[in-house]
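Note that chain A is present in both complexes that follow, paired respectively with chain B and with chain C.
Let's look at the complex of A and B:
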């Protein structure tokens, strides 16, 4: 029950910040829109290019929103209290991450295929894109949270986070995009899809366990 | 832990490491340089030209050992990370900090020598395949390690962060390296495999292996020298360190 309350608290904080909470979504739409507009204007455009654009913009959007993942809790001391309850820290962090994914991952999973449809993708290909994003966005949240936790309280975010996180995003990006590309080519994509699932399960099980000790260390300095 | 000999166990202490390792570094430098010169001269002058690539293949004797070495260095950093997380060994932290910049530079060398080789033989300096991409990502990962060490002021926290990033990065590199091989569209058959099928004529193998061994030895020398420097820098306030400085001044 208390985790449900924590989840609701996280969402409430997010929604009460009003228009500000929409910035990552607007960023996503703006970047994808600009890309699709320019690509459609100058070349015939290719659905595979649209898939890559939507996936890569998803990564950038996650970078944008990761910055504030632990920032507020660290500033007002909530994180220090959470770390003190060392037996509950993993569950607390998972709740926070689920809440974070609900406000960033789910909208992108819905909007990505929608933008794809507007850009002229076939409905089958767009729904496959949505499916890979559904598998990919939790993985992205987990990997991003790992590196964000390493940098909590340093007052450094932005480009440092980008340099550290983007190389770690490459496997899920490769597999997510290749599933969509193979699907567009009507080729077999089963092994790539299983790899997406492997990355999802691997990151969602291992990373929360590491986050507790990492956050604890961040409170020492 | 009685199976570890005393001379090796002494190296875990910064003070003894600082004193003992100097001779090691000198020997590694001498052996590595001689080996590298022998292997390179042999490969450049005494090996027949390759059937298809002519003389341009001779960069193999520099490129292949380095490209292989950088992966080994990154994995060794991750192993040091595990050692640091499990046993809290101070030297493991110093190893990670010392090996990362050397690995980063060697990765640049591997990429540049690969481009120089690729330009005449492939007709292009760059191909987006498993090897080139994983080496490029390796460069970014090395860079990330160096930067992370610099931005975290607390040494305990920096060491833990470095360990975790190195371990995750190694998993990452393995996935990228093997995943691209499985991609039907990007697959490019490997021409040189060190382990498994050796697709190189025996004539070329001797200088190649000499150079691989010497780059290992040289890199070990570089890393140990960098470790010795870091040991000195991080123990500035120690008595043994100040005594050594006093001894140098006289």
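Let's look at the complex of A and C:
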């Protein structure tokens, strides 16, 4: 009940933010569209290039959206109120992350393969791309949230967030792209897929628990 | 018999080169109001934040016997793109309580915010936002209130109302620690003078 109420609140904030919430998705479509359709003549319909472009753009899109994950709550003082409720902070953080993934991760998971199909990807390859994004985008949200929480009290984001978070994204990027490439080459991708699941499981179980104390510490700055 | 809500002992805080306090010990019990007084920069807000757990002291112990605490800082603690009612609901959710619409309406009536129930916080005046944050504090049913300049932005009527509510809260066994610049001290409040070292 509490989780559902908090999730609704977060979604409401996202929807009331209007265009601001849509900017990351617009950015994603513009960048992917620009690369995929301008490089089409050079790549000769190579699905591996399309997959790589979509995955890399997903990472940059997350940077754009994660910057404001805790910033607004920190600015209006609601983050301070939330961290004082130690029994509710995990629920607050989890619902915030799920809501963030709902408005950025899910659209990317749907739009990525859709753009791939428009660019001439085979439906099997596009489906696998969608599947890896479905596993990868929550992991990206979790890892990004960890760094964002560390930076929120400092009033820093932007360039510092990019420098700190991109190295953390490398494993999921490599495994996500590898699964798609191996699938395109009709090779075995089981171990890479397991690594994607391992990263998803690890990040979604450990990071929400760590975020509460981190956000409380971030108030002390 | 009143219970202890919070104790701080031998607290030292020195952010940067200026020492704010050293060896400070305070105990807050149910029914007690403590008013922190002192010039700007003497550490009243810092002390409240330390009491709340939002800031760490350089040394000393803070023990909170009641949690969560109701904290009213310089920021209102209200989401600006949510309505007054949505913010009140959030406070109830954080406390794991069912939102009591009738009680919320009564409190909004008391604070003359009834007509603003469905207005976004960003549409309210600063004084109305301050009043709304008081309603959140009351909805949360916190035992210990930590309030930083609670009378700022309030008109005389609002200030009087808040004074009465603090007195009523402490009369029911609650406690309050208040940092204030108000010329008239709170009734029955124990004064703690902080100075610049």
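Descriptive notes on the structure:
Throughout what follows, the second predicted complex is superposed on the first by the 217 of 221 C-alpha atoms of A that agree within 3 Å, B and C clash if a C-alpha of one lies under 4 Å from a C-alpha of the other, contacts with A are read in each partner's own complex, and residues count from 1 in each chain.
Here is the rule we use: a residue touches a chain if its C-beta (ideal position, glycine included) is under 8 Å from a C-beta of that chain, and two chains touch if they have at least 3 such contacts.
All of these numbers come straight from a predicted model, not from anything done at the bench.
Of the two partner chains placed by superposition, only chain C is touched by A:13; chain B is not. By the document's definition of touching, neither partner reaches A:122: not chain B, not chain C.
In the superposition on chain A, contact is made by A:175 with chain B only, not with chain C.
Applying the stated contact rule after C-alpha superposition, one finds that A:92 touches chain C and leaves chain B untouched. By the document's definition of touching, both partners, chain B and chain C, reach A:220. In the superposed model, A:73 lies in contact with chain C only, and not with chain B.
When the two complexes are superposed on chain A, the residues of chain A that touch both chain B and chain C are 220.
Across the interface of their complex, chain A is touched by residues 137, 140-141, 143-144, 147-148, 151-154, 156-157, 160-161, 164-165, 168-169, 172, 175-176, 179-180, 182-185 of chain B.
For chain A in complex with chain B, the touching residues are 143, 146-147, 150-151, 154, 156, 160, 163-164, 166-168, 170-171, 174-175, 178, 181-182, 187, 191-192, 195, 199, 210, 213-214, 217-218, 220-221. Residues of chain A touching chain C in their complex: 2, 5-6, 9, 12-13, 16-17, 72-73, 75-78, 80-88, 92, 216, 219-220. The touching residues of chain C, counted against chain A in their complex, run 49, 52-56, 67-69, 71, 73-82, 86, 89-91, 93-96, 120, 136.
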